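Two complexes come next, and they have one chain in common, subunit A, joined by subunit B in the first and subunit C in the second.
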Partner chain A sequence: MAGPILSLDDVSISFKTINGKVRAVRHVSLEVRRGECYALIGESGSGKSTLAFASMGYLPANGSIDSGRILFNGEDITGYNHAQLEKLRGKHVGMVFQNPHTAANPCYTIGEQLTEGIIYHEGISRAEAEERALAMLEAINIPDPKRILERYPHQISGGQKQRITIAQALLSHPDLIIMDEPTTALDVTTEIQFLRLLEDIRSRMDVAILYITHDMGIVARLADRVGVIYAGSLVEEGSRETMFRHPAHPYTQGLMHSIPSIEMDRKHKGYSMPGLLPNLISLPPGCAFAPRCSVAGECCSSLPEVRLIPSEDGVEHRVFCHHAGAPLSFATGTVEECVCHDEEGVACSEPLLEVRNLKKYYEHSTFTDRLLRRAPRCVYALDDVSFSIMPGETLGVVGESGCGKSTLGKTILRLTEATGGSIFYKGEDITHKHSQSLCKSIQIVFQSPDSSLNPRHSLYTILSRPLLLHGIASGRAELEKRCFRLLDMVSLPRTYLYRKPHQLSGGEKQRVAIARAFAVHPSFVVCDEVTSALDVSVQASIINLLQDLQREFQTSYLFISHDLSAVREISQRIAVMYLGRLVEVGSTDQVFQPPYHPYTKALLSSISLPCIPQPHQSILLEGQIPSPANPPSGCRFRTRCYRTQCEACASVQPDMVFRDGHGLACHLDRAVLEADTPVFPESFLS
Partner chain B sequence: MSCIRTVFSTLRRYPSAMVGSVLVSILLIVAIFAPFIAPHDPLKLNPRERFAPPSVEHVMGTDEYGRDVFSRIILGTRTSLGIGLSVTLVCAVAGGLIGLTSGYLGGRADELIMRAMDILMAFPGILFALLILSMLGSSIVNVIVAISITGIPKTARVARSSCLNVRGEEFIEAAKARGERTWYILLVELLPNAVQPIIVEASIKVGFVILTASSLSFLGLGTQPPTPDWGLIIGSAREYIFEAPMLIVWPILAIAFTTISFNLLGDGLRDILDPRELGRV
Partner chain C sequence: MSPVYILKRFCFMLVTLFCISIIIFAITMVLPGNLAQVILGEFATDDALRALEEQMGLNLPFYEQYGRWIWGVLHGNFGHALSMDQPILPLLLFRLKNSAILAAFSIVIVTIIAIPLGVFAALRRNSAVDRIIQVSSYIGISVPEFATGSLLIIALAGPVLNLFPSAGYVPFSEDVPKALSHIVLPVMTLVIVLIAHIMRQTRSEMIHVMQSDYVRSARLRGLSNTMVVFKHALRNALMPTITVLALDVGYLIGSVVVIEEVFAYPGIGRLIVYAVTSRDVPLLQATVLTVACVYCLVNFLADLAYGLVNPRIRYHS
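Then we have the complex of A and B:
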């Protein structure tokens, strides 16, 4: 019987702020057993990271542990002094942080940073430490480990950096590794490599993992046991199988239903949980989830006791709910297709926006370059991109980060000047045209609502400005009326009008950004990663909102995202980009079924689905995404392609070949591609 | 009312801002009510009482013409603060606009403006001010002009770097996508988010300007006698340093007090206006 390596016993943590005491974690008891992977899931602000870090003594100066014991290997560490904590962290616990780019110090080589810890804590010589670091990098399959050790953090890619941090965490042979959303900053194709590595490490080493995440797909792949945390308290805990098949707490059930997933019926709207996380300063007595819960009754004003539910696999299943297991309904409305008609009721046949051979090169030349008359270095952000969008249609654009999808959005908005090619809007060439009426017709919603709303302006200023600028309304009373209508449109309370953005939650801010874009009734909106910065529980509601607005205003979307599930839900057609070029374009069903472009198949297969077991085999792409400043000759994907290649692959850029409106840019025979096995079983894509 | 209460509750949490603002308020009150506070006429000569030691009648004694030093120091606050604040205002407005525009436009225009600022900065400040004053002649207005010109480049740099931080934010892109004009983006979208470092720089600058102005007066190119001015007092007291050493100490103390007050205020403002702190206020 494996004993617990870390056990939390009735732990409460609070932070002192000027607004009052924030009770970030309340009476949490859980244990991580030797060699197991325990996933802690919850929305942002639920206290999951606080809990994990506090259990290693990492608390900011204003935080304190109010009650409870934290036992590491049976020893209470709450009373540890600085030196003892240092020893604990250095020798027995490893950490992997969310952002690999800031976790490494840019002033030191990878080798110096890897060996620093073990030299200090174990007193071994530098040579010995380097040998161990090298062996560790080899063990986790990092190519060319000797050179990696000599490099500086900026010289290696994000995926590699995250693997290095794993190596660093493993070097001291710890009993436990704490991982705080380690794949959130990574692309799906890199994420899957990372997850494979973790699986591999777990099969070979006896190390426990406390994995903090909000991604259910990863939980389904990795975890042994799962704990769900809401507003600082543990609401449910059980084995992975139990949690996915028979979740008992209403919150867990809601969370499971709100994940946009490949297996979801596209005809149905996504489920989104009503309400917001409660304010942790003035928490209601009793169950914190009660205000958002559909089965909450009078008994919920008292704190729910733990309930043990018998599980199929015998793993303890704890639920903190008065109504555990109560049947809930997650039924949602259906999505009506948006079909555009002209004034005579005939369906539109002319594309609203057409992009032909669009090119965007970023030229960079230094002073010495100019002096020596060297050709400027070029970054090929967009190369020969062509597609068209019909009125009322959504075109999803997917690809890894750096593939040029955001540049595409900005070039269409003419925020950056195109290097070549042309953009047609309603048949008119607008490539180099700047006019107020175009600004009114073409709008954009950005990824991060924190950055896209001016923090100094009130919602009134933010929403009324486009109305005023484009002469839609004027005068205080009329503007206010219009702004109220905009708030109604995105389902925000009217009382928000004079608030500043920082008083709103992430999802609410994104709604404001959408309202601002729709204030001028645009016919085309670029949605640049609009759901990526949001919690899973609100992603669905934003997608639903976009779909409702689309039907109301007959708007077309260019929906840029790296989240294939979200793209599948909203898009009628999908374009796949790789290194500045389109590799596949087609209807959503065409893209998700063979024939696939090899890259599309790799992308699709890298998704982690929230089901057990994973219904599909993942294809691991070798190597790194090449630099867009120096793309490979011929087919750009050839350096990572896993299929047998022909001569043309290395020399000729493949043209997009269309059949039934489904375009593929690949030298391989269409018949061969058509014979490909589907990534997901038929039954999945309804 | 609630606004004042917020200001006080904020100040209580930042001791240096608290002390700084109290000291600066004292200075401002002294400057405004100087004629009522001063016990004697600062210009009145009294040859019979030259170099009188501190007494109840003359708290800081008298100078070489028998004028009351305390009254002269009190009245000197007006000149010093007047020059200090007006130069700072000119620098903050002109330098701020130059820096913001330069940072926002980027490219060639940015290059051109910043190199011009670099050239101005390459001259030692006091030397440059001396040059301007010897060309324009000495008067308070010219002192303000001279010190402003030497001070603008620094403010412009601060404004530019803070503008570069904000320029990449998506709300700027959103404003461009909406079709806003450049001046609107600069003044309404950019400025409110980039103004904090400029304010902080300005408040620290006040002390520095007062020092420079005093140095110019000391060299005889700033305010002209018999105007009561701290730099001038030091300049004339220098000759009698062995006969009346305290004569030179009083204005030095006044200058030090003022400089420290504004620096404390600046330090405090920097902490308060730190964007990371904004969420907490």
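Then we have the complex of A and C:
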């Protein structure tokens, strides 16, 4: 067996803060072997990134390694000086970060940034370094590498940037690359290209990868071995197969069950793990997971020893739990469809909201343009979008970033004026109407509660503001009573009322944002990527909450997300957008089964599922998403379409053609599309 | 840098200057007091007043008066200074040159001292050295200019250490060492006043940039500390500093009256004050417009410097 590249031996790391010592990593031992891909998974705040940075000898000034050794190729790096660390980082370990947009210096060309490291460490000439950079870009199939080298970071796309970061990490021929959530900031279609590249690199180069993520689908695709970290401790480790098929630690099992997944029965509620990550300053003795664990007993107040569980494939399976393998129940209730009735008990047939040929063009003309009377340049953010939403219904909107889905939400809220088309609410044209009562009926929940909740206000102020504004309640006593009810509604303890947002966890903050939206009993709520900023273990609970509220108040949702699994779970119907236009609309089952719009099929097939092996083939979309300022003629998707095209594709914009309420905007024959093979096997979509 | 970008910024500057000239002219027009009255004195007859108004074009509509004035200005004719009875242009150029000398020395020295200080303070954030740098630069900016100037005079030009002349002016064309020794004290005072501006701006931006992802990424690529700080961080941190530098140059040209007064230095600031007190409207217009031109020009240069530092600006035009 190959020796380990990186080996952590009983490592503990802590940070000094004003509130006390944060014990971010506690007694972690693990090793990454030569040429393998080791996935480290855990929630945010679990210490996985701290471990990664510590492995490169990089800790902030207030951090320190309290115990243990970090061995790189058998050498302890904890005592390394500056020069040794520089050499380690520059030659032996590469790193890929989460956000490709901020990881490159905007002032220097890609070429400059690629080559400076090897010039510095290997003392080679600039010309030689450039040659090597060029060869590396070619090796990882980046189109037009010569020009890329001369470009500045802001001139290339995110997916491209992330590939270049990989080239950068590989350039010094390192033994190990550490990747910290490298695809979190990317679209699924870009993510799949990135993952393919990684697979390709692993098959050709002898490099080990430490992959940090919370995305189980990616773990299932890439990893050889998996380590699960909870509150700074490794709780379980084993081969990918073992971890997915026979997870033994209650936390791992809970994590596996809380992933919203395509294969889940939509009628079942998603499982969400109860409780919160413990405070790392005042940790209880014993197992850190015990307070959230359903099988915890008295023995759990002592630290669990490592247990070895025999595995089918012979790869060591370590679990740190007193009750490893104990049977657990993850049964959840079922979701009742929300059917809306009027006073006489007749199901509603009139749509609550209807959008007809909605257009939003962002025009911008420069001074010279106006002087020369040139037509303004347009960004076609929304073009001829039509759909309707019934009372109590959820319409999911999916598409890559920049496809106009957020603009759609904003335009419906009339935060931005529509350029054309109309919006009807309960049959009334509200396209250009602004009134207090409409604001009350139509609300929004934003992606990041960190920026949508005022950090200086207490929850009381945040929640009572809309009540006061719309004259629903007044007077301290009444407002307080109402706020308590709102907190109850979103399952937050009443004691939170005078807390500020920063004292809450991410999921709790999002609950506050939802409570604020529901304070005025809206009949329509735009949910703009509400789960994207949250941990997997929390996402399910937010979706459950939204579904519960929907049933109670018969609210309709426009659920905007790039996470197809989450959209599938909550939506009755789904709309797929591409470059400002709808390409497909239909019930959730219709969209997930043929006939597909070619774009929908590509989107669906790009999902990484937490299954081994992946049950589906991925379609890689060629090229970049075109600019909405200069969309292709005819069908907007034609420049990336992988199907044989007809003449009309390049010249005529396809109309949305409906059959059984399932609309497709594609020139291809419906029969051809119907004959398409399903992306997921029948058994998957129950 | 693309010529389009430069041209755009240049046109922008011209438009700004045009607007400023209108504002300046309009303000001097609505100032209380009739120009003819000022010239002829309190006891002038109505006829004499009217005749002079006619002669000077004061009875013409606003746009015509403005047109005549700006036409003259564009041809280098700023008119006559009423209070001194001599053409304005040579006077103005002389004062502008003096102010420019003072400004140039001050800004160069401030840049050389304050930017490294700021970087150093940022890297040693919250240390004793950082605190000392911050506090002393604050003292420099908070003590009134005349106090700093006077203290310097007492310390360096007083009876104990008579190193430099305490006031006055010698042209560089006459005697360079002597001219230099005359501007040492005013330049010192200005530097003390301005260091805090530049130092603080550099420090805060540097702290911000040092926490950015690309600096972390540069560090984790194994680059040396020197490369991380000076190549990756400093260049990005300089943008706001350039803005402040440009504003400071404008300030140095037009608004250092107190220091010119303390050191009896013939700069343009004192000329403006003189024009105001002696109600010399043409001189006032000319001096204020000159200072405005300097502000605009410096900001234009700052725009070009942005483009040099940051490629995103360079390529977005």
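The working rule: the second predicted complex is superposed on the first by the 686 of 686 C-alpha atoms of A that agree within 3 Å, B and C clash if a C-alpha of one lies under 4 Å from a C-alpha of the other, contacts with A are read in each partner's own complex, and residues count from 1 in each chain.
Just so it is clear, a contact is a pair of C-beta atoms (placed from the backbone, for glycine too) under 8 Å apart; a residue touches a chain by one contact, two chains touch by 3 or more.
These numbers come from a predicted model, not from an experiment.
When both complexes are overlaid on chain A, the residue A:Tyr152 reaches subunit C alone and has no touch with subunit B.
Look at A:Asn99: by the touch rule set out above, it reaches subunit C but stays clear of subunit B. After overlaying the two complexes on the shared chain, residue contacts for A:Glu116 are found with subunit C alone; subunit B is out of touch. Of the two partner chains placed around the shared chain by superposition, subunit B is the only one that A:Ser452 touches, whereas subunit C remains out of contact. By the touch criterion defined above, A:Ile18 lies against subunit B but remains apart from subunit C after alignment on the C-alpha atoms of chain A.
The intersection of subunit A residues touching subunit B with those touching subunit C, taken from the two complexes, is empty. On the side of subunit A, the complex with subunit B involves touching residues 17-19, 410, 413, 415, 434-436, 438-440, 442-444, 446-448, 451-457, 465-466, 469-470, 502, 513, 516, 520.
The residues of subunit A lying in touch with subunit C in their complex are 53, 56, 58, 82, 85-91, 95, 97, 99, 102-109, 116-117, 120-121, 152, 154-155, 168. Subunit B makes touch with subunit A in their complex at residues 13, 169-171, 173-174, 176-180, 189, 192-193, 278-281. The touching residues of subunit C, when paired with subunit A in their complex, are 212-225, 227, 231-232, 235-236, 309-312, 315.
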